[in-house]
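What follows is a set of notes on a single structure, which appears directly below.
Chain nomenclature is as follows: A, B and C, assigned in order of appearance, with residue numbering initiated at 1 for each chain independently.
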Amino acid sequence: MDSKHDILNTLRRDPVPDTGLPALDGPWLTFEQPLDQFREVLAAVGGQSLVAAHEGDLPHALAQLPSFRAAQRVWSLVPPVASVGRDWTTVTDPHELEVLDYCVAPGALGVAENAAVWIAHPTVPHRAALFLAQHLVLVVPGRSLVHTMHEAYARIPPGQTSFGLFISGPSKTADIEQALVIGAHGPRSLTVVLTGTDFPASRFSP
Amino acid sequence: MRIGLFIPCYIDQLYPDVGMATAELLEKLGVEVEFPVEQTCCGQPMANTGCQPETRPLAFKFLKIFRDFPYVVCPSGSCVAMVRYHYREHLSGQPGFEELVGKTFELCEFLVDVLKVKPLAGSFPYQVGIHQSCHGLRGLRLASSSEVVGPSFSKMRYLLEALEGITFSQLDRPDECCGFGGTFSINEEAVSSQMGLDRLADHERVGTQVLTAPDMSCLMHLSGLMRRRGTRLPVMHIAQILAGRAVSAAY
Amino acid sequence: MAHTTVEHAADAAAFIQNQERTRWHDQALWFVRAKRDKAARAVPEWEQLRALAGQIKRHTLAHLADYLLQFEEQALRHGAQVHWARNADEHNQIVLEILQRHLVRKVVKSKSMLTEECHLNPYLERHGIEVVDTDLGERIMQLRQEPPSHIVLPAIHIKKEEVGQTFHTHLGTQADATDPNYLAEAARGHLREKFMAAAAGITGVNFAVAETGGVVVCTNEGNADIGVALPPLHIASVGIEKLIPRWADLAIFTRLLARNATGQPVTAYTSHFHGPIPGGELHLVLVDNGRTTLRAHDVFRESLCCIRCGACLNTCPVYRRSGGHSYHATIPGPIGSVLNAAHDPRTYYSLPYACSLCGSCADVCPVKIPLDQQLLYLRGTIAGAKHLPLAKRLLMKLTSFVMQRTWLYTFAGRLARWWLPKLPRFLVYNRLNAWGKQREIPAFPKKSFRELYQNRQRHGQ
């Protein structure tokens, strides 16, 4: 018998009492000021946040970051922030993205309890850009904030994109004597720009 | 109210005053105390070593001795946990067993939950370190454990709180195990001793003057470590404090 | 050849010899436990989450065959390829075959306890494939040719000086370097090269969702993500106990996992894979390797609910003072003691006894596995199967014999209290008396409680 049927037969041969699948109805944690909560947690996990009231303010907001101003290779997926260095849309081999200083990507929603931002694959043609860039900027509509992961998963259509992820803060490690080091393999910094209401929803939808 | 007093073997042989204090305390609160002399040991050392055939006759003996008491009270959380949680595999279905489980109480539990006493009056002007013996803490839930999220409570502290002059130690690790663990103290001598020394260091650092617990076995281990090192933090079973014993009666 | 057994107590005693390191190890892990407490307390519905997580996992085990089939069907729909492995050998063969078919010589791997359990690395290396562990802690251990000592913090037992030496030898960093930032930066550069050169990425899986056919991987470093974003080939090893029924269940588990593991509100990266990277392949290898046997057992079944958060290790007062290597197992600590002794009680007979039965592990476990009770149960199995040393078994028989006879117990007690204090010290405190190595035995009272009490009854109050 092949392994699949062998495993399944064994599982079916040994019945196990069922206690039922529970409903997940909460009530769950909520915050009076989800935006403040998000920013506070983001800072605690090593990230930083900026606010931009209008779409047009984005370049100006990012210009506050010295490393962004100095960046030679920027791939921006969020107009009106301009890409720098080359036309990154022509990249076919993701290895080429290793040189990126910055990646600016749209985040679909933010979670107040843990500062996680959901990013779905089609909005980022090469997902490697999210991890290889030295610095990452996620642009997240302020109105997309939810309180907890329960709401977040409820809003994300399950399994529609081949890849999607939550990012909470920059990459980090504490594997050397529990000392926190920011910038393990992925971005050395994460900036979340929380935007006002005049941003096109299509760019961000989960 | 009549109770059967269940005195663990090591208290009987090594810490008789803990038994006396328990009896006196209960009597003072109007309880009619009876000590059935046939009792020996609940079987916990055998059970915790995994020797079930050796535990079994002791479980039967215990049931026979205590079956007819309206309540069974014991100054040890660990031995009560044995009866409540681990006799089932031996005594399930035996007449009187389910009732026995429901009516066997650790002393503090009995005072707070059954007698519903108010905090006891008296004077004990010391900084007391409560050692949360694990089987009482996480087995019987005599107090909230630090791992679990929820309201904090402690039946020991509740009973002691009204004593005049008493204060309580705020430990770094409020309920870390002392390392006694029954036969663990022998099987894993090095870890067991290290755990005890660390526990004592926490108490010494915050200035505990009297160390108390609802289980004398933890205190036996901790005081054994101290006596070897020549340090002497008085240890008292909580029954001794509640019965009004002076610190000079401490072990 | 004599059967080699793991003697935890001896290794623990050796570990404790180095007092300074033991204290450091204990405190490092307690620090993680304290962060966990703080994070848990920030969630008012924490205990509800634990209860739900436990129920979801137990329910999934009851219907595991159905959920596995649902998972497979959905995964295939997304274009993933699904493989089934009865045991470690089959798993390793499947992985090797996929790699060989793609002519892969270099692989990067993110943390996966399952591939450790299957000893995948040495297997692939024997077949000429370079496997690089990319989690920093695991890479440190790989370079040192030592097994990890913790399931979440693989190098928790290693000091920064030692990391410095290892990196000096293997990565050419400055001699005597100890700055974690400098060392981590060196590893970043070193591993970037490995990422750029790898032709396939292997990951473990934290959760596999039956409803969607997707797998979820949680990391802080982003190593799993880089490892499978560059090459076109992603192989994920999935223990069959990783299944959860619904997409919405992920909320429960992602809220619990990182908070309970390290005190973070969530891992930095929580990545959801539904099908291959465009133009590439995703292979999901579903592995049994003893899990169906555990599942059939009424007591041990619950250990399959484990989500490998590592919290029971962090909280265990024995683990903290004996180090992960004293367990001689891929998974150490409370859950490791259960899994290993349940699987091979003869070799691991001492692990269930490396436990004071304090219960902290069960109270900290996000899926409420009664670990202490499982260890106690295992002691019964071990003693029953006579894996326990004879002297210990005889002592218990003797104790039971005495305790069954009240007169003998009373007599023995009186004799001991009369006799022991009169013995010369060397007869009481010697090699045979483990209690007395660091502890005094209690002062023996003249009279037992029963004597005092009966006297009092006789002479009135």
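The rule is short, and it goes like this: a residue touches a chain if its C-beta (ideal position, glycine included) is under 8 Å from a C-beta of that chain, and two chains touch if they have at least 3 such contacts.
What you are looking at is a predicted structure, and each value in this text was computed from that prediction instead of being measured.
Student: Thinking of each chain as a vertex joined to the chains it touches, would you call that graph a line, ring, star, complete, or other?
Tutor: It is a line, because the chains touch in a row without closing up.
Student: Quick one: most central chain, C-alpha centroids?
Tutor: C
Student: So the centre of each chain is just the mean of its C-alpha atoms; given that, what is the distance between subunit B and subunit C in Å?
Tutor: Using C-alpha averages as centres, the distance is 31 Å.
Student: Could you please state the distance in Å, as a whole number, between where the Cα atoms of subunit A are centred and where those of subunit B are centred?
Tutor: Each chain reduced to its C-alpha mean, subunit A and subunit B end up 52 Å apart.
Student: Compute the distance, rounded to whole Å, between the mean C-alpha positions of subunit A and subunit C.
Tutor: 30
Student: Scan subunit B for residues touching two or more other chains and write them down.
Tutor: Within subunit B, no residue touches at least two other chains.
Student: Among the residues of subunit C, which are close enough to touch at least two other chains?
Tutor: Only 43-44 qualify.
Student: For a test of understanding, state which residues of subunit B touch subunit C in their complex under the given definition.
Tutor: Touch residues, subunit B against subunit C: 7, 9, 11-20, 23, 35, 37-41, 43, 45-52, 54-55, 57-58, 61, 86, 134-135, 137-139, 145-150, 173, 175-177, 179-198, 220-221, 223-225, 227-228, 251.
Student: Quick check: in the complex, which residue numbers of subunit C touch subunit B?
Tutor: Result: residues 8-9, 12-13, 16, 22, 26, 30, 37, 40-41, 43-44, 46-47, 315, 317-318, 321-322, 352-360, 362-364, 376, 378-384, 388, 392-393, 396-397, 399-400, 402-406, 409, 413, 416-417, 434-435, 437-445, 447-454, 456 of subunit C touch subunit B.
Student: Could you pull out which subunit A residues touch subunit C in their complex?
Tutor: Listed in rising order, the residues of subunit A that touch subunit C are 2-4, 6-8, 10-12, 14-22, 24, 26-29, 41, 44-45, 94-95, 98, 111, 113-116, 126-128, 130-132, 148-150, 152-154, 158-179, 181, 183-187.
Student: Contact residues on subunit C for subunit A in the complex?
Tutor: 28, 31-32, 43-45, 52, 55-56, 58-59, 61-65, 68-69, 74, 78-79, 84-86, 90, 134-137, 140, 153-156, 158-160, 163, 180-181, 183-185, 188, 191-192, 195-196, 209, 211-214, 220-223, 225-226, 229-230, 240, 245-252, 254-255, 262, 264-278, 286, 288, 292, 295-296, 301
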